[in-house]
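Both complexes shown next keep subunit A, but they swap its partner, so subunit B is in the first and subunit C is in the second.
On to the complex of A and B.
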């Protein structure tokens, strides 16, 4: 596009004195910023510092408890991965200046959309999963469309969907199975090669067996590795984070996300399709929620009406700890992933320590407060005129 | 000889319901001149800008670009003809870097491995810095947030961006309104630089002291009507001041105050 933009020959003016050469342009007001200072100015700094902090804390209080053994690591990494997947979606949406409070309900609803057709209507599992993704993304589109059309705050529109979808999940579940849980889905997933390959269990078994053979990782008494492989949810998290991080920092669409969230009017004036950007991010967030739901159903083996409860808040908290501003225009995918990692470490790690696990929420609340204060300071710093 | 003019409004009127925002206004912009549009608040300056920028179609009269009648239905069309408007809000995002702002909506692209389209961030940074330097503005780093720049620097960034993207006519909406003396001076210098490169400028202001040094011709607006266009040789700063709505009022106020002091 830029190659077709007309450029004026800006350097052909003859009546102007020559511009100062680049060597002369050193401005006495320019201050060298140390790499350290520029690092703490980055959006993900808070979450990386927080991650270091929790690792140090748990290293002290649970260092010898097995939390940092391979099976312990897989344990909390898996929790972080689930949250990380939706935090990535929530983060991009927040940078674009919107919220989605229906993420948690969408997770439960996705599970039902996957379980009901396959268990009660005779659909093949792959078709049900496809249906769940299509349905969720359609709902995400509807969320986005309503927000950009009505110009209502996304908070209120998606709050409505949080209740609608949670209610529908419950209605579907009780209508078809007479209970709030639809069980037996795991076996059906297992018998579908495509779906089980994509979403169920773990991967890289050969590598782990080899590592165990080479005594690099611990073995069970029967000679198998202590952990069969990397849970697929972890791979999905890495994939989603890498893709979203790439899009945000490297592509045109990523620049649009920042522009739209930073100032929607300015974005409109420079020709960014504000509505399209916002709607597609609502769709992406719904996709992430559906991925969470499908992975969880495949892993746990059942769909239940209370799945994903409060996950929308956890996703938003992870994004905020990761440096995303509530007002949009600022944030990072890497930061959101570290935010999710903090969740996983604290939630699982606390049971490895002698602390009561009820402290988990207290710790997270404090973490959130700290992060918000820190982000507020960063924004003041970034928008302050000299 | 209408060919001298890059942009003309001939007897343009604009009505909003019963309100007459503009009445038979004629404004002719010569190629490569700085044309100052002077008027107090409510004189119709904003409506005139928006008519030029393609936001409002005129209710009556003709709008010509390079001698041809045009009927813009959106600002995009005006932009495609090289008519760029820099509004007071500047369309800049404070939290984003200079480079990203400079190219927002018109990102330079390159391909990774000849396949994956990515934004050419290095190119954006280099070009943004160069183009700003060409205009005499030196940023600390193209990666610094626009929010850390002063109002004058932001104004200059927005103008430099419009020029880079092919503006032949620059419409500047009160570019010096919120600025201090030194920063206003920088913006005036930038307008001079733009003119030296053959760009025609419409400079909207209510400050005669900013308009007079830089302007080649002056059109005064008062309550939706043009009080005429004057070349710089034909009018003095004092008579301009007098003609501005409020000029006579200020003078009578001055006289009254001086009388009281005496």
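On to the complex of A and C.
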């Protein structure tokens, strides 16, 4: 799904050193690579291996705790899906060589932009959601514009927005509701057919009911299936991952993303619209954050000032676990999705083991380190042993 | 070799998990208490200690889970996770009934016994399908405190409210006001949490209303600066002073006699009784709160914990409350000894 040779458009055959002559080929620049070799050379290979390792570990420690029952799977898959949505955005932006540290604050702010007009100004829910998306993408554009215009590190510019948006979320919340939480949004979402179809609850109820009827999946004591359906956030995650993966690996814009992150000056020189690429990726990242915020508000039924705290770091971590380089120019959407899966499984999985919750962060950190080291080792091993 | 130390790390984690793995006769019985509080919240430490002791007394496994950042959306996931894990009983605090309604349904749909604690009302607890709610009914707590004050001859008071947006805070004032027979609204000042502002507002009120006989502070955030104001005005010990909840300044004030008493909601009991009640509900296969409470009352281990820490649960018609309990000069030493751990 992703390109393994992102720099190719920039290098000409003259730059390449001559290949060893033992390869008896007609053209020394063309080499046959076995499918297995090309698979393990992909950026996402390490994170897939890391995912397998994490599943094996939890299979040992929490195998019989219900973590791998259908409702347990839906539980951690949902956590991974939320993170996956923002990881997709963060990953593309990182490949283009920029960061967005305002993702977490944007999530809280998006929720407030959706809740305040609908709860206190009498707007219909669909209009509030549209307003939230427009507002977030506008802020994303502003982030991107400031970065490309001032040439300041995106780290600093978006850090400023991290504070500004978090503060504005609190201001909005206390101004309108006199509290840090705006409740009752869930019912409003439920009464709007468009918004609730798109963002609330789960899908494929009929299928799950049928599966339960056929005793393929477990039933609750009252006869309903143990899980009502697939949470919509999972479907959104798949959709976003597929769309972003396609753009990155199959389109001209995807090549531009790699080139911009690899060497922005060289990209500019060969005619890539560097500014446009970067700004549109900031807008896309903001869109992802907004989607996270809207889905979460629709799901939990309230918007609050502390939603999305530290999610920007989790998104970046997921992208890095997934093989994206902090310096830009390298990475894959599939990798970021597996990174999010690792993070989600580890985060929730720890609750299924018998660890004291005081140790939660210690084990979270250790598991992530382990997954990244394993990932790193596997990738080194795979690319070195020709 | 790069591989070697990865395997060392892996082996280390295996060993660590083996060390904390469950042992004991009822090792397959597991209960969980989920709070909304962030890791840094000190108040919940008492609850954590309490559930550990309840687990030991009833020889069951107990887990404490909380969203590390205090995010309620994460708490909802943890409640769902508890349902998926098929715990033998689940307890959580009703931080926000809207957020927790759906996850709670997952727990009750699996017929897992559920108990709610701390914030929230009896009514919300029933709405979530819980067996009982163990907390402090705020209006009743205020009223009980007011009756004590009335017995001491108090007929006027000022309620120092640092959290005016919170409905529970107002209930505390209203209970007190109703007990001594005055209007709650006109006796309340909205101070906010800034200690300097609280102090100035309290001293301004007392200058304008010199005949005020008593002060009711709704928590350490309003009690500590109010005490400061009294000390500056030379009124400490002359005005009848009552506060909700404990802090080191409050305990010190009770010792010195400048605070007449504090109303304690006894967090220890919220944790201990929740786990104990769930264990009894599981063992006797009952959902009847009266039967559960009767059995809990007869439990010698529970009684000895109450005696050791000087705790007094409040038994009511429809269940049990963890408070109000009054901390006065007589019992303040026991409370101070265990403050932050079991009180």
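Here are some notes:
As a working rule, the second predicted complex is superposed on the first by the 319 of 386 C-alpha atoms of A that agree within 3 Å, B and C clash if a C-alpha of one lies under 4 Å from a C-alpha of the other, contacts with A are read in each partner's own complex, and residues count from 1 in each chain.
Keep this in mind: a residue touches a chain if its C-beta (ideal position, glycine included) is under 8 Å from a C-beta of that chain, and two chains touch if they have at least 3 such contacts.
Just so it is clear, the structure is predicted and the values come from calculations on it, not from any experiment.
Of the two partner chains placed by superposition, A:151 touches none, neither subunit B nor subunit C.
Once the two complexes are laid over each other on the shared chain, residue contacts for A:272 go to subunit B alone; subunit C is not touched.
In the superposition on chain A, contact is made by A:379 with subunit B only, not with subunit C.
In the superposed pair of complexes, A:300 makes contact with subunit C only, with no contact to subunit B. By the touch criterion stated above, A:330 is placed in contact with subunit B alone, subunit C being left untouched. Those residues of subunit C that touch subunit A in the shared complex are 2-3, 6, 9-10, 13, 17, 20-22, 39, 61, 63-66, 68-73, 76-78, 80-81, 83-86, 96, 98-99, 101-102, 106, 109-111, 165. Subunit A makes touch with subunit C in their complex at residues 57, 61, 65-67, 69, 71-72, 74-76, 78-79, 178-179, 181, 183-184, 186, 220-222, 224, 296, 299-302, 304, 306-310, 348, 351-357, 359-361, 363, 366-367, 369-370, 373-374, 377, 380. Contact residues on subunit B toward subunit A in their complex (touch as defined above): 75-76, 82, 87, 89-96, 100, 103-109, 117-119, 121, 131, 133-134, 136, 138, 140, 145, 147-151, 163-168, 193, 196-199. Those residues of subunit A lying in contact with subunit B across their complex are 1-2, 5-8, 10-11, 13, 15-16, 19, 22, 25, 27, 29-31, 250-252, 254-256, 258-259, 262-263, 265-267, 269-272, 325, 329-330, 379, 382-386.
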